[in-house]
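Notes for the one structure printed next.
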């Protein structure tokens, strides 16, 4: 029961945040909206017993990523608001049409296509998947160890790339 | 308990909003946030699926997606900054020299 | 003997080849004599080879030279029978004389040797035609003589008139050849071969009347083209643009008679179809009358002879149509004599008048050039059918046969009779206009008798025109017996039996001849304005005749012009815009699609995103709904 | 204490590449040497990686021979060491080598930043080589991201800034979008099957009677789109022309080639092993994408005035042709096509780079006029490569096209083959346009100097194009052996 | 043997390629010399060729086992004449190219490669190999037209390439389909002609495949209404290009129809008799009609090709001994005569730099030898008996009358039209007095030019009078085709369509 209450509340929060990201005219507000979504989602993780992931979500996202965003926003400047009228012809209509189609399709499939998110055969009691540190770390460092190592490549790339992109600007600008 | 399907439906909604936002907003930064939204939706899906499947791997996978997101952010923001340095604007609509 | 028959063809051919490559190194008369020698040689050989037939009893022989197109049973093989022998003799004999004549006539032409090259080539081709042992080889000769006629008519290619005339001759002939070709297709599909021996023996057994008629008519079309019959005679008058010896040899004595030869040769096929016979005879008779009427009013000395040739060929067609094959061949022979003579005479006159051909500008030439004059007089009488000259016998046999055949043919006999009268008239008119009366030529002309090299052939031919007819008189049917083996398998029409009948018919025709001759003589004896008045008296008829019924213009307007229009339409209204247009159109459409789609790549990243998402949605929906 | 299961051979090539990248960066930082030194290091790492993948090939062959294919599933199923993976990896390494050579002039011109460029190239190759080997879809995603991010940066690393930036941001935004779609698809597949691993999915689909695979199909669709974007198949191609035109010519060939190789190997692995059970569902869709790609690619290439854009659209068409091979249902044709096409692509862009000149601007068709007389070698080899891409006989392109067509026909997709041959006819037209400009135009152009490295690249590309066009057996048999588990 | 025949020109091309670019003057003579070698070899092949039905001098090497593609060469009565013709025409074409001064080297190389490809097409018995050659020769010809052609050369080259490639593209699909069928029926893919002709096809499939192949070849021939690339290509191409295009490349189409359509799809071929026949006849009449009013000498000859090749197609689908033999030998004849005509037009073009008929007049006066050759070839092309053109046309007409009487009759009217357009053109170009002063100063043919024309003229005459040197060797193969058709379908060639039906005089006496 408590979970249902959480789900509704945080679900609304996440959606609200998401919508804010999309419609806010000022990037700052978008960032705030994103933050809201991140936090709500984090709570939903907790509600699903994914404690470690939730923690990481808060630390990495809300902490690092979003800060980075805000930093860049500040760098670029927030003074001018973006006006909402669409400059590209048809773009907005296309978007609306797509939205309608997608929602309609999703509704159709989920309601009438006897659609299951997960195969009933495999579902069991939820209690066992308790996302404690040990529970997550054990596969992370055994089965997934190569993937874990691969993230090193990813970060190297990120670093090298960022440097490469910023590097020459210094000399030229 | 709440059926995981609801969580995933919520995730789907988030993903959709992110996708549409990407098409609506012309500010590169905001578009980029939309991508982050989508990745979050993916994470939520994975968690819920993992729970429903009674499988911890769903949660493990989320870590990697988080890392990817972070890496993307770094590079993406670098590109945006670079462009901003050049033309003092973050609007992607002004970048349409290459076409046809 | 027979296995060496190829020499007959080979000699002139060798002459042609030799002259073609080395002629230009020979001094003028030499090449001419060489050519003449070649033809003369074949003549001599042919005489020797033909001896057996004269003894009689000897029957046809074939000699295979080499395989040509086995798939359609067409080989190069020589058939040596009385008919071909006779044709060979005519061709080589008359040909030889004309060659000799030409030595004088072509004197001073800078392409002297070239002329004899072609002349020899023609002789070879004509001999191929008459010696052929199957239709394919006949067609070979048939076309080659056409080629030579093309080359020789257009011999003076620098002048304006000859080249078109040459082209006209070849094209009109081709129309005939088309008929002949189709005929041969039918023949092959009926018999599975084209060789005479294979066809004639089985014709009676294996050929239905319908097919026979079709073949007969198609052959007639071919023959009409080559022998200048209605409706394809129009090329022959123009062919007079060629040098006169050519007119004599090709367009009077030999080539134009190929049609007659073809029909006579195909007697076995005509045998089976009365319709074909009647058509041939009718075409012949009508042509005879038609051409004769035109000949009446011509001013050009050679045009008169040209139309006269057409008319005489009509007689021959009448004969072979009546199945009086011997009569036809007989007339062919005599006509070769006197018409060659007439042409050579005319040539001699033109030569003397330095290329003047308008008879109005002649007259009184008899004193200046007696030999030419008197020999031509003989020829005129001969063609007019005055006994006992050659023309009388042959023409009379034709008319007699037509009369004897009766029915529709009696009508044709009447036409023939009328034509005889006209013939006598226009020939006499010509002779009188040219040789009698007071001179009408311009001051700068100094007519004189031609050299011996030219007069000699005239004399020889004159003699032949006199005695030539005697080889087949009702009293001694030498020629008929001679030719019999060639026509043994067909029933042949003969003149009516009995002296009375013969006397009556002969009398009639002679009467007609005399009447015509007398009328002309009296008319044109009187001074110029007199006969001019006579001619104007016949207006507008005379004008129509002089204009040859304006057939050329009519053909031009009815056939040539529309054909030209059609071709232009096909080229510039269909090919370029429609067909090629369609091709380029496709290309243009593809490019168009590309150009149309290009702007969709707007360069705005958000459009791309929209496209990406749209694509995603499509794929997903397709996957889910498609399952 | 549980210890992770490690199989070094399986990842040695990636390790070597990564070390090479790191080495380049550190050496640069430490000694600031001539760029040739860095090049040598890079070359060395690529060569070693290639050597190790040869070892892998032998190993894999043995295991297949002795039926011990289980040995090829390493790192508890994260990656595989099967023929498909090794072939793809080898192709990647080859392309990396020639790509570095082809782009060397450009890299050299970057001065101090050349180190980063080299490192990025090596890392991108490492990432994609993980991707081709990945059995676990998340692993595949990681590899994909490593490679893609490197490519985003490379696209933005030009000195001709405006266009380069535009290319970079477009590539980056759309790429991230596609990645998000891809990983969401993975998530849905996971939800639907409880499996991240391709082999696991195959097993699941084989063993369970799936009543309503809707979620699986949706996930599959999203995954296909995500990969289709990487290989620039229509209608997910719109980034390609702009990026190819904007990105520095030196590396575009490399970028395009590696993305295509990795993407297609992944597509092949997922479709032909993972969800083969569902091919009744996905075959028509993929066929549709293929047809669309071929038609859009050729028609739009026909009307381009810029050679690099033209090559981009031709790339779209080629994606369609390769997908035709996927529809054909076997890997042989796809792999052969990938190998020959990627080499031709790098060669072609080497020419484009040479013509575009140092400032990397001019690539319009005009700048190729009269090239045939000014630089015969360049024009000649470009001609051969174009004919090869056009798929004319005695070039490897013909064999490749023939292979995929034959497979598709065998699999019953005749309409697709018809479309394909017609599209290739349209394609002739625009390849010939370039040849016309080079040979049949009398206008005068300055001679183009070909950097020696590019010369080598061209010799290799042209050589292979003709060699495999006349004796395809050597490569075809390899491709035939390179089977997925 | 045949491999050498294919590889010799390639080797020659490489040799030329290795000679220094600077030595411009060397390349052409060298090329001519090198192109003599294949000629010699081809003549040897001609000499040792046995008049038998089955393939001779066959060679078979596997190319790539799993695909069943092979290097499979062989020659029979249908291909042998074409090979000889090719090797004859290439030296002539090169010899006619002295006016090509820019990039002579490339020109020679392309021509030799073209030769190799053309020979390859004729001798390959493996459909894959055949297609490789068939498609590959487009490239050198494309360059020859596009680089050394006249004003609108690029348009023409493009059109030529794309149009023909379009046709062969569908044929490629057809070839694949055949191989796949073989794989289904026999269990292994194969492209060998022999294997594929053994397939049992459903009539529907057979019709489709026939259509695919026929389209490719019909474009190449070209059959009305697919002919419009031909005039453009011919008018723009350099002399050598025109010679080889008309002399050999068009024959690839007719050869393909003979070799592949009839052999692989007998049922469909029998059904297609009428369609193909009608198209052929339309082509004959239509091409001739269009040729009449062409203002450009080369266009005129080009359209005459359309007309003449109609005869070949007609003969092919008449399915009689005469028709097939006529078709095959007409391939050669048309190659010689039309090749020579293009050669002649090229010679006058080199002198006057125009092909417009209206620009000429009275040339016979200034260049009699040229006029002589021209007239000779014109009459050969008109189909004058005694020259080669007649043999082919007459065989075709007579042969096709047994199966397609009406069409044969209409086709026969082509001989009239041919006379009209060619003689009219001759009249306008050569007769009369030279009116334009640039015409008066023209020089007659040089020794080189005569030595190019003389061999062709000799062959024209030889084949006209003694075609048996070829017919003997052709006949067994054509008969074999008919045998196969009669065996594999219920169609029977109506007498006297077959050689056996021909009545030989005196035969029943024995």
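Observations on the model:
Note that the chains take the letters A, B, C, D and E in the order they are written out, and that residue 1 is the start of every chain.
Methods note: a contact is a pair of C-beta atoms (placed from the backbone, for glycine too) under 8 Å apart; a residue touches a chain by one contact, two chains touch by 3 or more.
As the structure is a computational prediction, the values presented were derived from the model and not from experiment.
Shared contacts of subunit B and subunit D, meaning chains that touch the two of them, come down to A, C. Relative to subunit C, the most remote chain by averaged C-alpha coordinates is A. Central chain by Cα centroid: E, whose mean Cα position is closest to the mean of all protein Cα atoms. The greatest centre-to-centre gap from subunit E, using C-alpha centroids, is found for A.
Here the largest set of C-beta contact pairs joins the chains A-B. Put simply, the C-alpha centre of subunit C and that of subunit D have 79 angstrom between them. Rounded to whole angstrom units, the spacing between the C-alpha centres of subunit A and subunit C is 102. Rounded to whole angstrom, the centroid-to-centroid distance between subunit A and subunit E, based on C-alpha atoms, equals 70 Å. Distance from the subunit D centre to the subunit E centre is 44 Å, each centre being the mean of its Cα atoms.
For subunit D, the set of residues that touch two or more other chains comprises 138, 142, 145, 149, 152-153, 156, 168-170, 173, 177, 181, 191, 194, 214, 218, 241-242, 429.
The set of subunit E residues touching two or more other chains comprises 162. Multi-chain contact residues of subunit A (touching two or more other chains) are listed as 88, 91, 94-95, 98, 102, 109, 113, 116-118, 122, 143-144, 147, 151, 154, 157-158, 161, 165.
Contact between chains, using the touch rule, shows up for A-B, A-C, A-D, B-C, B-D, C-D, C-E, D-E. Within the complex, the subunit D residues that touch subunit A are 2-6, 11, 14, 18, 21-22, 25, 75-79, 110, 112-113, 116-117, 119-120, 123-124, 126-127, 130, 136, 138-139, 142-143, 145-146, 149-150, 152-153, 156-157, 159, 168, 191-194, 208, 210-212, 214-215, 218.
Interface residues of subunit B facing subunit A in the complex, by the touch rule stated above, are 1-2, 4-10, 12-14, 16-18, 20-21, 23-27, 29-30, 32-34, 36-37, 40, 43-44, 47-60, 62-64, 66-75, 77-82, 84-85, 90-91, 93. Contact residues on subunit B toward subunit D in their complex (touch as defined above): 8, 15, 18-19, 22, 28, 31-32, 35, 38-39, 41-42, 45-46, 48-50, 52-53, 55, 57-58, 61, 64-65, 68, 71-72, 75-76, 79-80, 82-83, 86, 92, 95-100. The touching residues of subunit A, counted against subunit B in their complex, run 3-4, 7, 11, 14-15, 18-19, 21-22, 24, 27, 30-31, 34, 37-38, 41, 44-45, 47-50, 52-53, 56-57, 60-61, 64-65, 68-69, 72-73, 75-76, 82, 86-88, 91-92, 94-95, 98-99, 102-103, 106, 110, 116-118, 122-126, 128-129, 131, 135-136, 139-140, 143-144, 147, 151, 154-155, 157-159, 161-162, 165-166, 169, 173. On the side of subunit C, the complex with subunit E involves touching residues 62, 66-74, 76, 136, 139-140, 142-144, 147, 150, 154, 157-158, 160, 162-164, 167, 170-171, 174-175, 177-178, 181-182, 184-186, 188-189, 191-193, 195, 197-198, 564, 566-568, 570-572, 575, 579-580, 583, 587.
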